[in-house]
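Shared chain: subunit A. Partners: subunit B in the first complex, subunit C in the second.
Now for the complex of A and B:
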């Protein structure tokens, strides 16, 4: 296809949502499938079709990495450092090597190198059973010269001083003329210090892999979010280890969650490949829950100070911030992101005032909307404090300052659906009773993510991605991508787009994902998968459709381009045939086409990302300090919604993870030993069924105009808002902010105390 | 130290099973073992044992070590991988199977103690070639994302339906309160169980 050489024709598309729909002109690349817009009637895309692999998962048939087994397969385990910092002085593997049954023992850290955190990888073993592996780990002699460590970032070099209330005492650095002037003319100003704790990803399927060599070809079944990324990583690692390695193939057909922790093969991924080589047998290495909590990354802690001001009219005219990230030993990844869309009218500090602080702990990894839930919690709560101080309704303050038209509609819709005014009023009235044990509060927050997909043309995008569509003689249809479905519903994106294009039902398409033998896709991160690949998947089906139309045209005696694919039939005028009959014309070789990722359309897209708004109502028990979320609502867009039910599920999941972040979750490291004290599911509290109230999600299908199907990603945006909405509801209930997550009973009782007899 | 770290620092599984009643964990899915052995679990010598397990109505002969859990026996020896190992500590419910009709965390039961019981795993519900109504409803309600917790959820839900043909939302929440779903699918699981209840009543009529 040399379509890119031709000048792209201009095309008018209706973009937007609801009353915001307007006609705009886009350059649509020649050869692409004709773009959908806000007026296109779609029958599978956005329908209530079931998740493509739903029954396989619920019935236990789905085989995840943890479930993969081969004859003669060995198990493996890793020896981890018990100290937070020090030098590895001696490592003796001989005794373990000589144990009967132990097939391979390898060092993962050189003697003389530094241990960086409790759990740092020292050595790995492979043996027929896990029990034997554990025995072998005990036989390894590892000696350390221990050094002093710091695991609490507030004690790290560069941490600011806090007073007893937890507020930053250092004066603000010079704000510059403009910002100083803006604060000077403000009607109301508030200042607060906000803090969040380390959250772990805690995917239900821990990191793990099965490695299998066939001569110099390496197959790795891995629980990963980045099939192509880890392929490159592993082939490099094998070369670096001096191994003959002709090819690396990654398989990740089913992945048990990732949330950002599974972009790299990690020490465990490299170890399993090396062990399999050394043992000359397939090897499986699966991390246990403690390792998963302590050695596979996390959302770092954040310390933030904000000050904000409104003028007489309720415009937020000044905003200032400084922040510190509580990171692991590499001192990276602790930045925060705040809802800038609420601050379009505000004067801001010119230089970014942020510092990442290193501790002797497991490094941060991206976690669902990296930097956002922390920053949104602090900033949205600060904005609610500002609204309260200025006597303005917090939703009204947002409506007045939000720069994005789509979200203004979302506030409107959400307020109506949630009964914002009534619920706020009822909560306020109930507070009049001085002796009431239970208080109620209602809060809201905004969501935002900016990504319309990797089209292979941006900086760092890598090569253009692909997808394959195949139509067989027996009428079966395959849609394939080498990208992975980590639970997002990507396989439904494959089936729904393909079925839509071919005019058949979603169940007639079989989706395959996660094998690097298929065309590449991006890592499942940053909400890029659907936005990047949906247009290619559709294009592959579109090309197959044209081929099938040619065959049917001959048979029906009509022109190929007059054939319409709909409702399981190919029709032209008053003649038609069933899709199945048309497929019989194919012959033994299936129609197979590879889609092309055309550049994102040039033109003024409706939104450069996605918007959302969330609402929460809570109940605070003033006797125990326990907060219960009573109900939540999310309004969210993700371009044109491709897979409705999985999309809704993803938003619900983001809200539930937000409940955890707001109320429960916190990694606790022992300052003395540097070890995680709650590295399990008993003491690290992930929300359970009883913590989750009735929740509603309203998905808005928004035609953006950036590609042939306007699909945008969804994983991150809803994650921004949930904890912030809950914290705002708690503030509303108590009348005093809890500025530190998680909002545990001790903090609630302290806030009630500070609020005094009010 | 090494071993301690590798095991997450928890007490050993055998002492846990012998000494503690599972109530401390707070999961509803733990008590079958205690009921099956009213005098407490039997003791076995260390080493390999040839045993028989009845799983999904079929008898399997296999070799296990004393320390092998029912979960490892099912997954690693019998290749029944529907039960998942989310924590190996009785804290996530991913490994839920039924033992003599009661939901059990298979990671908290030794394979040896499961002899002479009827074990049902997610692979054994439904009829051959037909998915169980719960499976159909989980799919219809999209009561899953990554799906790793899902078979365990199905098994806890199944017990809920077996004791109450028409459970309300709160009963379902309690029934699955020992199952963790990191992806966050609880609400839709409640809907799926309600849907399955309807379907199953329809089937009976």
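Now for the complex of A and C:
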């Protein structure tokens, strides 16, 4: 009988956090590991154990896709269109093919097809050296019928008209009765137009792969966020190309970031597999930084208009918005998401007023908390403007309107830790000095993401996601998943949960991730990996534990279910043995068990997602318009914190990306050529070591009650708040909002000027 | 990079003769040169390395009261040099010490820094053809995105001079020495930069095969001080958006001599003698510095995207004048 068919027993769990803990009842599937809750004492999970692969990464032992090499391996490169829009009229590969040393040349676009942006793929070559590849690309004759292009979305069809200040001039569309009435009742109303620029993913490791055929079996080492997704994609592509392809195996043991840009194999992934087949040799194709910036997706630009109102009591009673997304040639993916939890009391527009605008540029791809940082920036700044206009402290306004109890606690804790009141007062006081060169400001914003993972069963009822635990005779333990660790710390999730279950130290467990020969997991997106796989990993260890307990029970002469695994020992009453000694009973074949992902528990979970609040203090140089972030604080939950250090590191990374989005990062396309002007790391400015101020992260471990370990995702949530908190701090410092990111000196000087002129 | 011959000279004159050949290119640390070659923006048939001559060309040494900075001295050497510890030389230490990143500063040479190609994103692109170097027919930055480009002193090409070190060396009134086929010449540093920085003019006036061997910082009187300040959006791994170096001699609380040189705002490092003259005979004051800064930018002609630069540049001048008189 399948364990899922049994009637699940009901179980009482303590869920929540701190003073919010309460008892709730859940249906817990039979056969699963017994659930942890807010009262469970854990020793490895949540401890400050080092990142599982930290030493390998810091020492260079970790081999990324870029480091993979095979004897006889060839290099590859892609010919890309130099025009933003037009038709490919002619493509002659013959001269390149006949060059000595060139092993393969393939077309990636058919003659007659459209060129959609500068960088669109035309053809690819493989040769022993990159320089020979480039020579071959130069020998390819590609002719285009060029057409006029638009790379600035504000000039695309359907873009609204802006005045000199950048404000939308068209009147609001009819708001409907309820919203109109709410605005009429308001004490204070504000309105503003907000804008963000295109941000690229800027992963440390660019897109790339090494493809190697052995007869009809294809091995691909790829920097990817979706090992199982690209496996399917590539086998389909190989079949479509008419190739004999028995199996495709993806390897992504180490991945240098993806942030949403690496869900597909892409043209480069398909090209490298086809080139390797054509050349009959392993081929490596890695994109250079310019290609990475210009051809692998981005967070699209956003233009947003908000209006908001409070009543006498400080309740946000009306909220209106319309928005446009500045997208690439497919005109998709430009939506925005705002902090709805702050607007629970507000009347809202019924129908969504959003339009995606197409430009002749690289299309958007999901990027860390898609839609959120741009929408949160605009909405949270608008809320601060509302607070200022109504004479209310912005934190107080949030506390009064936020619908989520956990975040209310986070505001309290944050205000205390950050010294909110003192810092706000000190900044305001310093502003009294008319001659002060530097202004200070303090701001905050909220974070939100809703995802508690999935079981991987999809529509059918086939086997879901899995994980493997292995215990060997020599006492070594393996935890394995075919899902990838994109740098988020998934390997620590594997080691920590396994060690916790077996009562051993995290260092005793070796984690392996990213080979599709192991059981599947989801793509690393939407903060789903940990939430989806943590319960399976724990379940696999739990099953192994039961097997080992059986062997030890015989040896110790006790009942297997009386054995407790803790502190490196197996104990039952007064008798015990070390974990190592127990393993000696295993024999040559390791204990190997595959965990099962049971569906999320039925019952009222504490939170359907995760909450956070962030605080920032900035300094504005009134002479040069340069903004520096002085310090930041994040308070964040992610369900039960499985791995403390990688979790903190996720939040720190989000804040650093937030500084970049707030102050520096923007894709700059040349209007005339359609080409990216700053497609490098010199002019595409990501924060450097000196630009990162002291940052504090407080992780809150929250038992949600949705799975055996209550792990929720973390990648996206903290990304929502950082740029918004910084923009609010800048508003506080200047007394005039900068409604356009990035907040560069020209915009700051203009805001200072406008404030002066008021 | 395309194939090239790598020349390892034993003497300066060997290097000079090799570098004189058409298609040859000098390489110091190569940070700029190798980048350009990798991007196929510049194809050298022969690359002449100067590093074998490091023994002789990389020292910083006091001669009399002045200091000789070897062309191959690194930015890190300059930033930490005991021979440049005097307040009179602070501009050199400061400008070298905040350029780029520690890794770059440990390799980048003084000559390479002053002679590096402009960082204009049109000019540097191997896919675009602009007026510079006569590749194309117009200055793309003039009508394109010019947020980091010139506001002063430009003609038909609006690139800016990127070197941190050059304004400081100029403000201190340095000379430079070169070697061309066995002949040594010493000239004032201003001669190194074209007086008409047009698109077809190189960033510098050196002849083919002419090797910069040293900068000579003249002896400084009692009361001499210098300073360098710049504006940059990021604190590391970024370029100045505007920069200024100043030198003053102060006696009895009064400025007796002054010089002021701007960086990153014009195709060459820009001497501003009129602004400097306003300081002479005056006591330091913020009001005076604000006027001098305005004077330094009085003829600014911002382009379509860099209207903010004069204001930022004036702030940097005001700041450097405070720093140098503090």
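Simple rule for what comes next: the second predicted complex is superposed on the first by the 747 of 758 C-alpha atoms of A that agree within 3 Å, B and C clash if a C-alpha of one lies under 4 Å from a C-alpha of the other, contacts with A are read in each partner's own complex, and residues count from 1 in each chain.
What we mean here is this: contacts are C-beta pairs under 8 Å (C-beta built on N, C-alpha and C of every residue); 3 or more make two chains touch, one makes a residue touch a chain.
All of these numbers come straight from a predicted model, not from anything done at the bench.
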| item | value |
| --- | --- |
| Joint occupancy of subunit A by subunit B and subunit C, clash or fit | clash |
| First, second, both or neither for A:131, with subunit B first and subunit C second | both |
| Subunit B versus subunit C as contact partner of A:690, first or second or both or neither | both |
| Which of subunit B and subunit C A:407 touches, first, second, both or neither | neither |
| First, second, both or neither for A:538, with subunit B first and subunit C second | neither |
| Greater subunit A contact set [subunit C / subunit B] | B |
| First, second, both or neither for A:746, with subunit B first and subunit C second | second |
| First (subunit B), second (subunit C), both or neither touched by A:682 | both |
| First, second, both or neither for A:671, with subunit B first and subunit C second | second |
| First (subunit B), second (subunit C), both or neither touched by A:62 | first |
| First (subunit B), second (subunit C), both or neither touched by A:205 | first |
| Colliding stretch - subunit C into subunit B, listed as 61-69, 79-87 or 97-105 | 97-105 |
| Residues of subunit A that lie at the interface with subunit B and also at the interface with subunit C | 82, 131, 134, 675, 681-682, 687-690 |
| Parts of subunit A lying in touch with subunit B, wherever the complex brings them together | 50-51, 53-64, 66-67, 69, 77, 79-80, 82, 118-119, 129-131, 134, 137-138, 140, 142, 201-205, 254-257, 259, 286, 288-290, 486-489, 645-646, 648-650, 652-657, 675, 679-682, 686-690, 692, 694-695 |
| Touch list for subunit B against partner subunit A, complex | 1-10, 25, 65, 67-68, 72, 75-76, 79-89, 91-92, 94, 121-123, 126, 131-132, 134-136, 138-151, 154, 172-174, 176-177, 179-190 |
| Contact set on subunit A toward subunit C in their complex | 82, 131, 134-135, 621, 623-626, 628, 663-664, 668, 670-673, 675, 677-678, 681-683, 685, 687-691, 744-746, 749 |
| Partner subunit A, residues of subunit C touching it in the complex | 1-3, 40, 101, 119, 121-122, 125, 127-128, 140, 143-145, 147-148, 231-239, 241, 307-308, 311-312, 315-316, 318-319 |
